[in-house]
Amino acid sequence: MHTRSVPLAPDVDLEIIARSTPGLVGADLANLVNEAALHASRTNRTTVAMEDFEESFDRVVLGSERKIYLSEAERRVIAYHESGHALVAWYQPQSDPVHKITIVPRGMALGVTQSIPTDDRHNLSEEYLEARIAMALGGRAAEQLGLGSITTGAQNDLETATELARHMVVSWGMSQKMGLFSFDDSPQAVFLGRELAGSPHISQRTAAIIDEEVTRLLHEGYETAESILTTNRAKLDTLANALLQEEVLDEDQIARLIGPRALEGGIATPKPWKAAVTDAGAQV
Amino acid sequence: MHTRSVPLAPDVDLEIIARSTPGLVGADLANLVNEAALHASRTNRTTVAMEDFEESFDRVVLGSERKIYLSEAERRVIAYHESGHALVAWYQPQSDPVHKITIVPRGMALGVTQSIPTDDRHNLSEEYLEARIAMALGGRAAEQLGLGSITTGAQNDLETATELARHMVVSWGMSQKMGLFSFDDSPQAVFLGRELAGSPHISQRTAAIIDEEVTRLLHEGYETAESILTTNRAKLDTLANALLQEEVLDEDQIARLIGPRALEGGIATPKPWKAAVTDAGAQV
Amino acid sequence: MHTRSVPLAPDVDLEIIARSTPGLVGADLANLVNEAALHASRTNRTTVAMEDFEESFDRVVLGSERKIYLSEAERRVIAYHESGHALVAWYQPQSDPVHKITIVPRGMALGVTQSIPTDDRHNLSEEYLEARIAMALGGRAAEQLGLGSITTGAQNDLETATELARHMVVSWGMSQKMGLFSFDDSPQAVFLGRELAGSPHISQRTAAIIDEEVTRLLHEGYETAESILTTNRAKLDTLANALLQEEVLDEDQIARLIGPRALEGGIATPKPWKAAVTDAGAQV
Amino acid sequence: MHTRSVPLAPDVDLEIIARSTPGLVGADLANLVNEAALHASRTNRTTVAMEDFEESFDRVVLGSERKIYLSEAERRVIAYHESGHALVAWYQPQSDPVHKITIVPRGMALGVTQSIPTDDRHNLSEEYLEARIAMALGGRAAEQLGLGSITTGAQNDLETATELARHMVVSWGMSQKMGLFSFDDSPQAVFLGRELAGSPHISQRTAAIIDEEVTRLLHEGYETAESILTTNRAKLDTLANALLQEEVLDEDQIARLIGPRALEGGIATPKPWKAAVTDAGAQV
Amino acid sequence: MHTRSVPLAPDVDLEIIARSTPGLVGADLANLVNEAALHASRTNRTTVAMEDFEESFDRVVLGSERKIYLSEAERRVIAYHESGHALVAWYQPQSDPVHKITIVPRGMALGVTQSIPTDDRHNLSEEYLEARIAMALGGRAAEQLGLGSITTGAQNDLETATELARHMVVSWGMSQKMGLFSFDDSPQAVFLGRELAGSPHISQRTAAIIDEEVTRLLHEGYETAESILTTNRAKLDTLANALLQEEVLDEDQIARLIGPRALEGGIATPKPWKAAVTDAGAQV
Amino acid sequence: MHTRSVPLAPDVDLEIIARSTPGLVGADLANLVNEAALHASRTNRTTVAMEDFEESFDRVVLGSERKIYLSEAERRVIAYHESGHALVAWYQPQSDPVHKITIVPRGMALGVTQSIPTDDRHNLSEEYLEARIAMALGGRAAEQLGLGSITTGAQNDLETATELARHMVVSWGMSQKMGLFSFDDSPQAVFLGRELAGSPHISQRTAAIIDEEVTRLLHEGYETAESILTTNRAKLDTLANALLQEEVLDEDQIARLIGPRALEGGIATPKPWKAAVTDAGAQV
């Protein structure tokens, strides 16, 4: 219990905070609480509020804000990139709702789009996974559509999308062409011996099908992203320009700028705080 | 002898208990007995009954019940998934009889279908193996037929079915196309040296035949599952709805809901307690 | 000299015993002698006879008899399986003579067919090797012909036959298609460095020829076994039924049941005691 | 702070110096400052000026000047080689501006072309990467066009260009044929396990596409270089001859010899001092 | 100097002895001398003669004579096998002259054909290598022609011939199809790093050519052996029968039985004592 | 400074000596000087002359002269082999000039052709590399043309030529078919991780192109050598015969025997002493 000695405001739900940081170990959580308490004291409050945790979350998970010189041209690329992620998520009901977008550099990231699942998810549906791939590729698609030029900033997005698509094909039986053939090819599995010697039981033919299907899923995801952004071309400019001016936009601000998000078939009661960092525009 | 100091009720057959837990080591068995004794004392009985062992078996082998929040949508997915396993087993005489299905999360599992072999099995027939593959794929088929959407919850089932199909093809000579060519490709074998260097004696052509045959066996198993579930479409809804309400259903309850299981060619005298956990709906 | 302190009966030929256990080290041999002496004293004899060594051989090499529950269905599978091995050996003059068949589980084996080479063999002829492959596959063929269903019990037989066929192709120059190209691909060779890195000098084309030729040899061996068993269909039932009743049959009993073995071209003077365990019906 | 005890001239901008040497560790920076101070004192000045740092940069990063015997023929090859790099950069607006070219051997290099990015670059655009490949191949193209013979001096350039092209194809999604399929194939990744065993998930088909696309990008880059040099054939001779005479040429001298560089679409305000060593004409 | 304390007969040429045992280390040579001295004293002579070294060479290099039971059938196989080696060498002028053939088992060998190069050979010609392959395959060819059945006894011969053929193709540029492409694929080379990772620079196409050419050279060598033995069919029987009776035949005895060896183009002055063990009929 | 205590004759240029032994470490150089001083004192001179260094160079770099028995046939093979190297170099203006040829065995070599670059070479041109391959293959070509039989003596030459050709294709961009695709495949690179796991980024298609191009370059080099030797057939006999008689021939003696070397396009001022050992006729 890392929060016992810190008086909490009534709106702080420790369970949600704990669940929202699954990758952090004890020391990180203690750090999170300390940062929140520090932030509260800096703003002369005697209890730690939910906003203090939001602040400390950004600092601990994403890293501190960084003062780095960015040319106007680069800021535009990042603004369009993040707006692309946000818009693709905004108009796919299966996507997790967008919590915040920012072009303030933090840690290794030049910009971030945070989306938050409305529920703990245990089983992920095929539709949700497809939406997540499309959202990941939305940054690259926005650079292409909005600025007519693509950059290395999409590297992390491409790796994430490839990894998801690959799991759909080889672990989750979601490719007709591959069929239900399934195996665990996570890094750890390699060391368990089965696949140590070059995986003799995966033939070149199967390997080619896997690559083909992964490429197809990525292509379809990009087409979804491109289609959403083409349909909402003006809103992409609106969002990117607002982001260049404001640097941070939360869900409400986005809604005021471009209207309500698509909810058909979606889930209506977003819960705060289980943030998943979709994109970080890795710095080269 | 881990049970000497605990007075046992007359219905407790230690041999069956010991045989039903082949994967457990001494310490686990002691744990099993302690848990059973504890459960007995909690219900104010002075002897440990078979039901206490059933309780402790669930706790030790599957893990404790877990209080995790599941949306109604997710509970439906799990209910249909487990009902799918159960129904496919129910209508295949070669399958082991179904002992219990549940959607109470335990350990890593969100739901479980327990089936129990009627005898110790030493040699497994081709028909039995095919039935086991179909049963493993019954969960995915039920999601598809009952809810029109598939999820990542089938990952473990797919891996199990792939592993069984692969053994049929490469170790048990059960593929006409592969012929009687047989080798041991278990993880341990890799370290014995023969296959260390990329298995030069398995040509790409043979590797492709293996993948093709494994995929075919999986496809046939899925078609069997799909056919049983389509024929018994209404019973799938009945079972899933009952499961959503009751959370646990045993063999008798299932029989009352959907009628007697298919026994043509099957074995009539199910023995309690040699439970094989068919599916655990792995949590992502 | 492990037998010095034990008075031996005149019929005991220590040289034969020593030669019949090539895989055993000193400690095992001492064990063999002790077991024989024990067996003699248990039957109140003052000298150790050849039958005592036969008994101790079974115990030491195959393991002790095991009391495991086998359903009637499983005993039938094992009886037909072992009868298949025995019949195929019985009607191939090149095969080593059959010494004993049994369906009493011992060690890891559910049943055993013992055959004994009539001489020390130093060079093995192509015909002898082909006969050995056919005999190894006789178990599976008997399951198929006699019971119409195949099981996992043939796994060890398939591995043994595959290994023999592979050596014929890659080490002994016995495949026209492969030619005289020969290399040592025993596990140890891998560690000597030449083949460490994926055997660059074996092309995919050569690897495919190897797999093809091994598969062909296995197929031909199975056809030989199938043909012998089809021709002697009634004797297969006779032998399997006798085995179900008697549990153990020696060479003389077999001869009384199905007539003399084929000797045309065979070797007439079987020597006792150099037992090769052909099949052990591995327990799954 | 390695410069505290050294009085700096007003024109020295420590931040630019620090940013211009990203690959150097603390000890190297201290060395840089010491060398600059030494150079200042050798020329009897009491403050360290920017030119002192330029001098020490050359010495520390490129190594000391080396007295090695070069035949006139070899000096001509190097002069054309470096002039090729410089000209290709000069006439591509996307290239970083050329800072200096020299054929004085330093460290392992026989000649150097220094180009300096006008801004910190975080995301690199596809056009910039293509220009960088063309510039890297400009040395080889100049040997071919100017002297009619090619040498091993381009080895480093070819490796650099291949590496860039490969990243464009496999990490940055910049090949239509490869699609958005992306993975991290940096040396470190190999040790993280996923790709340890021969990268089973990259099929031969995908590997062939990668090689094809990398080769295409290199071919296009060479054609760009060749086209620029053919168009400016006389200037290539001018530059190479001046270099043979002067041994070092800075941006202003180059501009006086061949006119202003192409700036259409380029960035107009070059910042001094973030030198990237494009080519070093490795000594064989 | 291991012979100093032993009085040598005038016919002993220590240099020849030393050169004839290139694979032996110091301790082995000391052993060789001791054995020779022992043999001399056993026959009551005071000086060690060349025949004593011959005796000790057999004992040290080939191992002691072994008393193992061989059936008449097996002795015939070995006699034809060794006669085959000897005859193929006898009628190829390029072969090293035959020194001795024997079917007395020694060490691991059931029979041996010793041939002795007439000179130290430093560069081996293509014709000599082809003759050596044919001689190595003469044992197998003799089994086939003389007895109509082949055995595992040729395993070592096949490996030796394959190794020679492989070196001709990959190291000595003696295959038109392979061309002059050459690399060192000896076991040690693997550990030097170049080929550690699966030899990326040998394509499947090259590997297939290598296998094809090695197979062709072996096929041609076998045809040469077969042709010599067919032409000298009666002499094969003569030699094998004499060997069955005498167990050892030296060059002179062979010449008396089948006439002078072919010398056309051969070297006329055989030197004693540089024995190369061509074949050892490995015991299975 | 290893020469301080030794009085040097005025013609000794220490810098040239140091540069001519790039592969030698300090201890080797000391050895070189000691040997030269020894040689000077053996010939009763008080200063060490250039000829003493030449003598010591042979002894230290090539090894001492060895007294080994060579048949006349073998001496002829070696004489033609070395004459082949020398002639091919003699008539290619791009080749380094020939300094000396010898058939006196030294160290591991049965014969040596020394050629000396006229200048330090830093960048090697494509034409120079092609000439070096042709010269390396001249030994084999001379055996074929002069004696009609080829031997294993060319093994080192073939490996050297293959290595050079391979570098031209994969590192120096000198194959049209391969294009500018370039990577470092030196042994050390393997351990740096990138290529550790079977070089996933080199497809089979690329590997086949590499092998094809390397084979083509070797074929072209051999044709050049063959053409030069055919044109100068009589001079090959002249040179080989002189070598058989004299055992060593220097540049002047060669010129007297066969006329001046081709200098068209070549470099006219050979410098003494930077000897590169082209061929050593490895002893098998």
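Think of it as A, B, C, D, E and F in the order they're written, each chain with its own count starting at 1.
Everything that follows uses one rule, which is that a contact is a pair of C-beta atoms (placed from the backbone, for glycine too) under 8 Å apart; a residue touches a chain by one contact, two chains touch by 3 or more.
What you are looking at is a predicted structure, and each value in this text was computed from that prediction instead of being measured.
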Touching both subunit A and subunit D (chains): none
Subunit C against subunit B, contact positions shared by both copies (same if over half, else different): different
Cα-superposition angle relating the copies subunit E and subunit C, to nearest 5°: 60
Chain whose Cα centroid lies at the greatest distance from that of subunit D: C
Cα-centroid distance, subunit A relative to subunit F, in whole angstrom: 62
Junction residues of subunit E - those touching two or more other chains: 196-198, 202, 204
Chain contact topology (line, ring, star, complete or other): ring
Complete ring sequence of chains beginning with subunit E, oriented so that subunit F follows: E, F, D, A, B, C
Residue ranges of subunit D in contact with subunit F within the complex: 68-71, 74, 77-78, 110, 137, 140, 149-155, 158-159, 161-162, 166, 170, 185, 187-188, 190-191, 195-199, 202, 204, 207-208, 210-212, 214-215, 218-219, 222, 281, 283-284
In the complex with subunit F, residue positions of subunit E that touch it: 119-127, 129, 171-174, 179-184, 192-194, 196-198, 200-206
